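Order as written gives the chain letters A, B, C and D; numbering starts at 1 within each chain.
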Amino acid sequence: MSSPKSLHQLRAGVIGTGFIGPVHIEALHRLGVQVAGLCDVAGRVEGAAARLGIARAYGDYRELLRSPEIDVIHITAPNRYHCEMSLAALAAGKHCICEKPLAMDTRQTAQILKRARASATVFAVNYNVRFYPAVLQLRRLAARGELGDIIHVNGSYLQDWLFKETDYNWRLLPEEGGKLRAVADIGTHWMDTVSFILGARITSVFADLGTWHKTRRRPLGEVQTFSGAAEAARYAPYPVKTEDFASVLLQFSTGARGNLAVSQVAAGRKNCLRLELYGSKKSAWWCSEDPELLHFGDRDTANEAAVRGTPAFGPDAAPYIDYPAGHVEGFPDTFKMLFRSVYGAIAGAAGERLFATAEDGHHEVAVCEAILNSHRTKTWAKVPSARPGKTL
Amino acid sequence: MSSPKSLHQLRAGVIGTGFIGPVHIEALHRLGVQVAGLCDVAGRVEGAAARLGIARAYGDYRELLRSPEIDVIHITAPNRYHCEMSLAALAAGKHCICEKPLAMDTRQTAQILKRARASATVFAVNYNVRFYPAVLQLRRLAARGELGDIIHVNGSYLQDWLFKETDYNWRLLPEEGGKLRAVADIGTHWMDTVSFILGARITSVFADLGTWHKTRRRPLGEVQTFSGAAEAARYAPYPVKTEDFASVLLQFSTGARGNLAVSQVAAGRKNCLRLELYGSKKSAWWCSEDPELLHFGDRDTANEAAVRGTPAFGPDAAPYIDYPAGHVEGFPDTFKMLFRSVYGAIAGAAGERLFATAEDGHHEVAVCEAILNSHRTKTWAKVPSARPGKTL
Amino acid sequence: MSSPKSLHQLRAGVIGTGFIGPVHIEALHRLGVQVAGLCDVAGRVEGAAARLGIARAYGDYRELLRSPEIDVIHITAPNRYHCEMSLAALAAGKHCICEKPLAMDTRQTAQILKRARASATVFAVNYNVRFYPAVLQLRRLAARGELGDIIHVNGSYLQDWLFKETDYNWRLLPEEGGKLRAVADIGTHWMDTVSFILGARITSVFADLGTWHKTRRRPLGEVQTFSGAAEAARYAPYPVKTEDFASVLLQFSTGARGNLAVSQVAAGRKNCLRLELYGSKKSAWWCSEDPELLHFGDRDTANEAAVRGTPAFGPDAAPYIDYPAGHVEGFPDTFKMLFRSVYGAIAGAAGERLFATAEDGHHEVAVCEAILNSHRTKTWAKVPSARPGKTL
Amino acid sequence: MSSPKSLHQLRAGVIGTGFIGPVHIEALHRLGVQVAGLCDVAGRVEGAAARLGIARAYGDYRELLRSPEIDVIHITAPNRYHCEMSLAALAAGKHCICEKPLAMDTRQTAQILKRARASATVFAVNYNVRFYPAVLQLRRLAARGELGDIIHVNGSYLQDWLFKETDYNWRLLPEEGGKLRAVADIGTHWMDTVSFILGARITSVFADLGTWHKTRRRPLGEVQTFSGAAEAARYAPYPVKTEDFASVLLQFSTGARGNLAVSQVAAGRKNCLRLELYGSKKSAWWCSEDPELLHFGDRDTANEAAVRGTPAFGPDAAPYIDYPAGHVEGFPDTFKMLFRSVYGAIAGAAGERLFATAEDGHHEVAVCEAILNSHRTKTWAKVPSARPGKTL
């Protein structure tokens, strides 16, 4: 539960007060980082700042960027703002943690990547799944060859929060979230995680995308979410241009093959990311809804379930584990650990930078574009490399 | 546990004494069917008949077919014999249950299909997975629309018995088992099962096949299987032409999309067939290694686990359930139930014929050929229909 | 799937055509044993014999015992007949397999034990749970010390088939089933299984028994079971003298402590027997509703799940395994394996006799009497030993 | 993720910097509560305060109590200090959250209870398990009668962190932790949780306690924990007077019966608290190592698994849920929610006080004393009531 002393001296500014902004703030507070500023549209931001105990509220993010009291910018606004805000934060000389996907297309992400490479500050993309201890441990096991060569990787990321035609969120609109939706929002988590574990980029993809609700109905007026009883009185229909579900076949730079199923209309699946790595020595399986267990499959010995924090789990993730075995760490903890890694890097700590960089963020958007291209052409599509020959 | 009286009057003859022949015999004995003849190569068949308590041993299957004491022929010889034996059994006027896949290619299966259609006898293909009560129940739930429209189906069939380069079986040789291996041997079980549940044929496929062990080593001399300690002393290398693993994307005639992963080199997976049906009302999930539970996924109500044999499971599979809830029925029981269905049809029982027919068997081989074609051309391949417009 | 040739020459006679009699018959047929006679009350037995394909029906069990065509008697009538029938079978010089519990009280079981000891024939009690391969394997692991000393054993046997006050069965009546019900019917399965695994008798017990439905209502007239819809029209109330649930604390002769919970009014539990053995080296866990997996708990290494039939599961149960790993064997298979063991002993096969003997059956009834005694006196009760100093 | 504004104005002081003190601090930071002081022995506390980012370090807890800047005292020192510190905090007019068990014996806890009742401040005992949303929801379901009458409750709390004779912690010493160890440390969590859910006190107990390691060896010199490799060089043997494991049978004031197994020498169990409530309408099951799922068992309908945060889970726990369904909340989150409840009460929020009070804390110690008494006398022991007739 220790934090390097210097973390307490760094001050964060958070842009966005939707679902994920407060998640960032809570994680920063756990680490003892001061959250010195909060930004959203005027009229909304003041109440949020008061509620979250943040001293200063900003109605304009450029003002936040100008503040000398802010060291690190957290961008949690909708996707369409990511590029502009990232570039501005870099121009302002701030460290930056941007939510995924990094931006709307590779034209944008290439710009960010170029500036981030030229900058002395730390730039991170918020792929938090990397920071489940089981995922960190899998990366090290794979790197040490304990699974052998990875033959194929299977898995899925399934949710049901957009199951109904009346479910509504800005991500449904291409102009807010981008041309891909399920794949960009959750599929890239899976793909980034597997690339991270394998230490290998995705080089080609084949995709089949589907839109179940070709028309959805958007609730009008005030909507009471998180309330089973209440329903909006009136709805306006609108055509849906983004995919509800997808199958994506993958080739990795190591030769490993992948198969990913993604859906946001999978009744009963809440936030279920599953990975199965089949190696030439052994297999490993993990699910984000039961994150404490790392399963291993063997031919000659028994299958295993290693509990986070035990000797059998392995020591590699120890810097990113705070609670003893059996005392479940979950989703909020991954944000704490991601920020521990980023703020550690900002504070000058030595060691591997495990968080996703601008290059990783750019690559994931490039993969998404290849997926859309493959679906349209019904053929395998290559993923262009940001810097030929450079691996993860 | 009751059997129609007439079952006891039918007499079976079984061709093949490998792994699956004795499975047929045990299931027939459970039903009270007399197994009057056993056939394999002379020198091997006599000991097997004595061990299995079967009165008459045949060294030539044509002799078995000529016997007036045999009503039903079970073909459990390797794939390459299926066509010749099926045609001969039909010519002899016998009822016939042939192991899957029905034959080596659609040229062969079309012949069998033509003769079977012209015959008054019952011809069944041994897709036993249909007869897990959970699968039978799923078919009825789907037919009644209780899952809504099926949006997408995900799943896998994974094993590890060919994980090592020294693992050997005749199925590895194309001339014995056919041009496809993992897909034909286990993948078709999955595809037949989903088609059976949906009441819908597969119309197009996209496939990515992989061969991990491009060369394997075949043990020479006496091999002691099922013995961790013993290993063959010498091996002969041979090139492998059939796939170890595959990803197959599917389109069904109803518009449902599918995603199937198959592997025989998946360490730790013994015989793991998993189905996930995502419908517009609810989801259903099932795994053959935990066959008693039928899981349902819901958006608004709790996810459910219905135990075989309970009111919640539903009454539709009752004729194919013998043991009360909680008293696990497993793999051997599916053979008993498949044969109950076939022999019931032979005995003239009314009711739906749930077993796979020659048409189903032909179709599965056509799907395999489309899969191989898709893999080679790297495009979606259509599955030709045996009889245009006819659905399952 | 092999059976020693001589099994095919042994002929069984089965007394009882309720739930469990046909289970015996099916298992005998799987082994190739001839079932030459079936016995129940005249008027009922004829139809059952025809349905089950058994040549000869008997309305009087004494007549069955006199038949020279019968080698082995299976007693599956209600508990109150067990003593009389067992003694008669022994007197007739027949081998005998009696359902559990062996008889109504230790006065009866002591008689049976005395005669069985004096007899040259094989006498077995049908504790089938011993013959799950996982249980057989646990016994060998314990015997070899692989779990270390067993410190404590926890578990339960829970069902819901008597959950409602209108659920009816002869076991509810003390004059039919004995003074204990839940403990005698299912609790003894758990206790016999643990004693079998540990190779250790239960020496003292402390019990707390409870009757939830102090009055039940018995359906009058024809009852349609296994039919969610139908209900009896009229009921007659009757007081319940036997326990619906119990907690039993145990001491074993090795010093191990035990804790067993039993219930037949546990909604949602169908037939759920769970064992957890905590040893000084490692732990082992098993559940009868997921019988293929043997779980091991470790402090320093990962927890394990060994699949039946794999090298990791261990070879000790191999003679009682017929199907490969992943091809689920279940409840019906335990009867086949128990009978393989008993008939093998009858046929003179060498090797350990794994089935429960008359001594085991007597001991379990003695444990039940101690449990009732403890409950009434609210103190620990010792279990008298059939033969002082003799262990299992 | 919202916190009432006034929480940000309350200031905490934490006594203790072992395992659980920092857990309190992190949870307070998540809520936006200022942690203004930290107390431990001089020489240790300064580094901890710096590391945890707390402004003021105290070497004497009485000094902390005198500080006008502190509103709420958190007592996380070993058990033997709880009484003295609680009384002092109450005397100083501070609100207080004391770790469980409340004190060493009922003589002490009665004193605390008396003063707490007389005080205007809030006094809470840190039974955090109550604040898993599933537990909060179960309490409401039970209160509304949705499970019917509770017939019996089964469960266990099992760990392996004291499995080895060389495992060492102050809890092993009666003079530090009390006469009971496994029961007092983890067993009371289970008992408090069940009493909380049922709204019913434990009235009688029967216990069987066991000490597996009658002698343990205490490591001398510097011990490197959390390091599989390193081991202490030398050990000193000492006799163990406290129990390693226990079985406890319970009677609740409602008539429900209970059966609890506790062990700290259960290899492979890390921190596994399991509850099974069997009601006259339905059952409910929950495990702390898989805390997001609430399982229901039914006789007539399917068994259910309700995911935290879904409509099916129920809305009752909503004030204590911050993250959407599928985004796992775990052990750290229970501290946040417990403190939200306590600080809300301090801030004058309306609504039920869900946290454990001094009365609850006293009662749990009384239950422990009855358990020890029962074990020694080998009879059922009554639990004296703090205030006759008063229920939870």
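Please note the rule applied: a residue touches a chain if its C-beta (ideal position, glycine included) is under 8 Å from a C-beta of that chain, and two chains touch if they have at least 3 such contacts.
Since the structure is predicted, the reported quantities are computational estimates derived from the model, not experimental observations.
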**Complete:** Every chain in contact with both subunit C and subunit D is listed here as A, B
**Asked** If you take the mean of the Cα atoms for each chain, which one ends up farthest from subunit C?
**Response** A
**Complete:** Contact-pair count is greater, between A-C and B-C, for B-C
**Prompt:** Where the centres are mean C-alpha positions, what is the separation of subunit B from subunit C, in Å?
**Reply:** 34
**Asked** If you average the CA atoms of subunit A and of subunit B, how far apart do the two points sit, in angstrom?
**Response** 41
**Message:** Averaging over Cα atoms per chain, report the distance between subunit A and subunit C in Å.
**Reply:** 54
**Item:** Shared-contact residues (touching 2 or more other chains) in subunit B
**Value:** 228, 269, 296, 298, 300, 303, 307, 310-311
**Asked** Given the complex with subunit B, which residues does subunit A contribute to the contact?
**Response** 151-152, 154, 156, 160, 163-164, 206, 208, 210, 212, 228, 244-245, 247, 249, 257, 259, 261, 263, 265-269, 276, 278-283, 296-300, 303, 378-380
**Request:** Provide the residue numbers of subunit B that touch subunit C in the complex, in ascending order.
**Result:** 1-3, 5, 7-8, 19, 22-23, 25-26, 29-30, 32, 50-53, 159, 161, 226-228, 269-272, 288-292, 307, 309-311, 315, 318, 322-333
**Complete:** As the complex stands, subunit C meets subunit A at residues 296, 298, 300-307, 310-313
